[in-house]
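Each chain carries a letter (A, B, C and D) given by its place in the written order, and its residues are counted from 1.
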Amino acid sequence: MHRYKFVLYRPLQFLPVLFGISVITFILVRLIPGDPARVLLGTRATPEAIARIRAQYGLDEPMLAQYFYFLRNLADGEMGRSILYKIDVLKLIATRIEPTLTLVLCSVVLSVLIAVPVAAIAARNQGRLADQVIRIVSTFGIGFPPFWLGLMLIILFSVELAILPVSGYGNTLSEKLAHLVLPSLTVSLSLSTVLARSLRAAMVEGLKSDVATAARARGMPESIVFWRHVLPNSLVPTVNLLAVNIGWLIGGTVVVETVFALPGMGQLLVRAIFSRDYMVVQGVAMVFACATVLINFLADIVTVALDPRVKL
Amino acid sequence: MIAALLKVTDLTVVHDGDGGERTLLDAVSLDLAPGEVLGLVGESGSGKSLLCRSLVRLLPSSRLRISGGSITLSGRELTTAPEAEMLAVRGGEIGMIFQNPSSHLDPVMRIGDQITEGIRFHQRLDAKAARAAAVDILAQVGFPDPARQYDSYPHEFSGGMRQRAMIGAALSSNPRILIADEPTTALDVTIQAQILRLLMDIRARRGLSVILVTHDLGIVAQVCDRIAVMWQGRLVEIGEKRGLLAAPAHAYTRSLITSHPSLPEEDMPAKAEKLRAPGAVPVVDIEKLHVRFATGGLFRRGAVDAVNGVTLRVMPGETVGIVGESGSGKSTLARAVLGLTPVSSGTIRFDGTDIASGRAVLGMLRRQTAMVFQDPYNALNPHLTVGKMLAEVLRVQGKIETAQIPARCGELLDLVGLGRAFLDRKPRSMSGGQCQRAGIARALAVDPKLIIADECVAALDVTIQAQIVELFRELVERMSLTLIFIAHDLAIVRNLCQRVVVMHRGVIVEEGRSEEVFSRPKHAYTAALIAAVPHIDPDKPLLAPSKMATPQADGVAN
Amino acid sequence: AGVLTIGRREDSTTFDPIKTAQNIDLWVFANVYDVLIRVDKTGTKLEPGLAESWEVSPDGLTYTLKLRDAKFSDGSDLTADDVVFSLTRIRDDEGSLWADPFKVMDTVEATDPKTVTIKLKQATAPFLATLAFPIASVLSKKGFETLGPEKYAETPIGSGAFTITEWRRGDRVILAKNPHFWEADRVSLDGIEWISVPDDNTRMLNVQAGQLDTAIFVPFSRVAELQKDSNLTVHLDPSTREDHLLINHEHGALAKKEVRQALDMAIDEQAVVDTVTFGYGEVANSYVPKGALYYYADNLKRPYDPEKAKQMLADAGASDLTLNYVVRAGDEIVEQTAVLLQQQLAKAGVTVNIQKVDPSQEWDMLVAGDYDICVGYWTNDILDPDQKTTFVLGHDANMNYMTRYNNEKVKELVAAARIEMDPAKREQMYTDLQKMAKEDVNWIDLYYSPFINVSRNNIENFYQNPLGRFFLEDVVKN
Amino acid sequence: MSEPLAAPALGRKGRFRRRGTLAAGVFLLGAFVFLALGAPLIAPYDPIAQDATARLQGPSWLHPFGTDNFGRDILSRVIWGTRIDLKIAVIGVIFPFLIGTTLGTVAGFFGGIVDAIFMRLVDVILAFPFLVLMLSIIAILGPGLASFYIAIALVGWVSYARLIRAQMLVLKNHDYAVAAVSLGFSRMRIMFRHLLPNAAAGSVVFAMSDAVLVLLNGAAISYLGLGVQPPVAEWGVMVAEGQAFVTTAWWITLFPGLAIVTLAFAFSMIGDGLADLFGVHE
């Protein structure tokens, strides 16, 4: 089983990555002009009030000292306090993490569910009408901004047909799932396009490959050739593509969360950036980064599982 | 003659291009009796593979089409049979083995499952029974531990084992006819011999009919009953092998036979004279060379001793052949000599200077040596025309003035027998042989003292092979080159080289004048190598059965 | 009966009244906490809240408030101690964002369990109005001490009409009717959900699809369409919001009054009202909002006259004026105004360079004086004009709302008006201030606009007063 | 053994079909370039001229694509927008391409410690929430195209670098690379003259789909309020601004949206065509 031994040491490589991300976020958010104290106080701010708030959150200290506190907190498993919400950042994130996670998860599942059959149809009808139609439709999927697509989906499914909730998240599992259908669909429409294109290309190659020829020469019908030989061989590059895109996907949830009023981390992040809630930006960035790293790690495991040749 | 099992009459395959039809198979007729082995030979592109694929109606492109003739299998017409019926014929009646097992086996499916798949589909067995049957087949094709090896993946096997697995897959559905399209071209001689023997074994055990496609007349001579010769889409000649080899009717068959590089019977002492006087400085002087490659990951480190203590001296003007099975360290040795691979220990002296002693030496080495690579396509930059490529080398080497570069490029092409028209060609539009010549021209552009040719003919057609060998012979004579010629084809080395070095697992097991080594091999391994070469004379049988070691399934591919 | 769902742009940030300055929070406080003194529905008069009655000493320094019998949502009695605790906390807590307006309090004492006595350091006319501010909500001292500040800020104990049962962060705040509210029989709803739906379109669609009962922050562009929907009622409730164009008086030619006047004339406020507010706004003629206390209706409205403006600029030697217009990104209204003003000013020969920046950066630039013009808006927190007047004209720490406007006479008048206790005299003073500001063009008043909310027809009495308070205790859901 | 010689088995008709895709893509792109260059002549109105009498009008003969809330002609704005959007797509791709290709080439070629450091850097950037980076860079440098380009370049190069590096790792072991070493060519020459041209095909194809992603990123940034400065006509901004009117005046969003899709289509056709031509797949 030594092909999987990277599972043991790969996590060590996360550390420098997360460290790098913490440093960059830390510097970056503080380079942005704007002052959290001022945002907090609003138009009625007075200089004394601002100075008081800055002192209270240690914003008047030198940057290096602030970073040091940040690291020290991190070592204690804390991420500091939100200036805007006045609670611990980790607690805050804990209340917001679920919708984002489920959205990403549903989107990935849905994208794969869309991409595989679509790519299969396109590849098996390469160059024919079905293929061309899929190509054209998928270009639309990629070309229209998600905030527009999302709105159109709401108008169609929630207002006109009234079969799905307009926005928000739910309380029970089934409610949540119902609320996630349209957001995931919005994300999937663009993600699945990317996946389907790559998958189709791999499948077209696969159908022409020696492996397929050999299977046909053994008398295997086209369906077995496709599903048992071509598809498994096409999945590896697609999984990698998915992994690379996951960061982008997680980032992309921001817009979708806003359109669909999902109380997730993307919304939290945008509001935190605009109100210069440094600790929250940092915390969310770290969580996003961890998620990305973790998902890439999972993708590596899946790759190894899918392709016995791969060694990492 | 026994009633034919398979009968092909006037089979014609055309290609529907935009410029009209092109006939690829032109009224080919042949038949195959039960239990018979038919050898199909012919130059590259003559339609051998196409013929095989036509038999099971698996044409490589939708633009190809069977436009006439008939194929009958036990009296059943196949050209018009419905697709569903063909599913049963493919695999069930006619099994196929392909040239390149690495690409035809599904890399992500277990070897055993690929065999089971056919069994379950054709024989409708349940999973358990199918598995048992597959294990049985694996045992039949020579897997020493089939129950365990069932669960292995193709990449975990050596090339020879993969070819066995491929044969196993073809046998899985118990066909009556086996079509083997160049099943051994990618393998080295010893493995080739094993595979051929396995095929014959199976034929004997199962009473299969076999169509064996190959380039190598030696192979057909050894294992076939009848031989069919193809040339430019036509079947130009077919007949019982002895008769055909003794009295070839067609000009192409004759040229095939003459260009077949067999090991000569007697010593050829003429070459000995050319050895230079002793005392001259050796061009290459290798002493106790070790090249070790680290393998594995962080926790389980390992190492391969690719070259394990080689000492070798090559004198100016000498032609030295290095032979040995795949993986024996030949290429590594060559690369080390040219400073292309880091050396673990030992010294290499070029013209008396240690090449590890500084950049200057390396520079000199690069200006006085050149390498010709095994794979003619990969060794040329696909983006450069032959002319640009040569000009660049000449410019970087700076041995002649810029103004003379174009003229020199032309000369180089003349030297390797390519027309000047090739200056503007890119590798993609050239045949393998032409690419190889361009590669040689590039080596000559350096104006080297030493050329190392690493298996530079292995990938070529016999006829082209013969041309290239001839070219080298000429060059050595005309330009007083020193040549190190690496190959696993013993016959060629025997023809070209004065001295031969036999490598096995990173060490030199035997070394000496060619004629001596070949006629009186001292080392058992050398003997095995020589014995494994299929002779064009059917009466000189391939490899005595006793020599057939059981193959080991240890070969984890690199 | 029933639970009222309200869609709004953002979720609350905290329920600790002294730790936020965001309307989004204040508007919820109003129905969770009660205040001593309330502002009425018109937003111009004070009325009793938790304080049944109050007395102000003739020197204006001592306030005596009599508390009514009221209970917190946990059933405990509301006492003078709670009031003392709440008011001193605003002044003294180190995390308080509102300490400044309460620094004027010298002592706050519970003279008996139902009486609170506040002594001021100096007479301050707007003090009562300040007590009506949601910031001055009365917290439960005992509750605060047992729960601790953090927990209390999440699920507070108040004495308002509703009480918080759950806060799903980022999503919604769920309120239930407070049975202990002293006016409990006035309340018809079982509860309220404040739901955050950041996207304007989505929020409107939610109401249209019947998934929300009401939505606030209806964009001007959607009013006409929503009015056409027979299931919906669009509420255009008068507000104290005024949009204005800030001018940096310290930048070159802008220091000249004539130049600023010329700019005012170059701007066609009516066009802004028509284009940006779709006609739902009204041209502003004073910094005091229309309908608010002491608003001077006859204040000067400078006519739109680009030619004259051009002439005046030329006379002032500023004919090739180039202005750096800082625009807050992400605010549709502000961006649209910018596009419009740019073109209008161009007609008077003024080149306007738009510089779009994110909101907190905008604020930095204003503070640093790194701008020429910039659109801002203000909504009153309290009914007294003093707060805004001080910020805008009174030369306090804000450089007169970052305009750097400087007129000593105005400054003195602002200070005098603050301590003038006679309403008639005060009104005159504010009228003068409005005239003077207009003359000096401290900024350019653009327009007043209503609060626009939409509700489904089964919702009755959904109303927001000009200070932004929702009277949810009166809402009926059928 | 004849397989490698034969170019992909294609009839002339097949070749035409593929070339046709490429040609159609190039033609479409050419049309956009034409619109961009000829905008002053082609556009019927001034793209920023407001007309209070013609606000929010639906498509008509006078205004084929309708007008927006300032009475500006959408058609003219879409045509003028071509200038900005082509620039965004091109610049937003070229810099990441150049940076990514160079870094990827060097990392892949040298391997070892250089490559290890490089890969960690790539990991960091990949794991870094794109939006945080984008928003903060725009906030630091101020909104506007320049910041957008810089932000895109800082992030976008990673994809190219990864692609090229992977290719390099394979190609540098190819015989022709080894041959180049043995002929005494310098590393620079080998990396950039011999290996890079062979490694770049995949990236060029990817660049075509990347161009679309860049445009969409621009639109998303505009949606969050930090796009191009008004009153400049840019498709993403137009779609984002039109959001307010999407249920009442659909034409404000639809036409610029279609423009993005059409340009996307052109790029993707070119990408597909190039992929077939080079024989690479994404």
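One rule holds in what follows: a contact is a pair of C-beta atoms (placed from the backbone, for glycine too) under 8 Å apart; a residue touches a chain by one contact, two chains touch by 3 or more.
Remember, it's a predicted structure, so these values are computed and weren't measured experimentally.
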item	value
Interface with more contacting C-beta pairs, comparing C-D to A-C	A-C
Averaged-CA centre spacing for the pair chain D and chain C, given as whole angstrom	45
Mean-CA-position distance for chain C and chain A (Å)	39
Chain centre separation (chain A, chain B; CA means) in Å	49
Inter-chain centre distance, chain B versus chain C - centres from mean C-alpha coordinates, in Å	86
Chain C residues counted as touching two or more neighbouring chains	201, 205, 330, 358, 361
Residues of chain B touching at least two other chains	60
Shared-contact residues (touching 2 or more other chains) in chain D	135, 139, 224, 243, 246-247
Contact pairs between chains, per stated definition	A-B, A-C, A-D, B-D, C-D
Of all residues in chain D, those that touch chain A in their complex	17, 120-121, 123-124, 126-133, 135-137, 139-140, 159, 162, 209, 212-213, 216, 219-220, 223-224, 236, 239-240, 243, 246-247, 253, 257, 260-265, 268, 272, 275, 281-282
Of all residues in chain D, those that touch chain C in their complex	48, 50, 52, 55, 69-70, 135, 138-139, 142-144, 224-226, 229-231, 241, 243-248
Residue numbers on chain A that touch chain B, as the complex places them	2, 5-6, 8-9, 209-211, 213-221, 224, 228-229, 232-233, 236, 306-309, 311
Chain C to chain A touching residues, read off their complex	10-11, 13-14, 16, 19-22, 94-95, 97, 99-100, 150, 153-154, 168-172, 195-199, 201-203, 205-206, 208-209, 211, 330, 358-361, 363-365, 367, 376, 378, 381, 391, 396-398, 401
In the complex with chain D, residue positions of chain B that touch it	15-19, 44-45, 60-61, 63, 185, 215, 335, 338, 340, 363, 366-367, 369-371, 373-375, 377-384, 392-393, 396-397, 428, 430-432, 439, 442, 446, 459-461
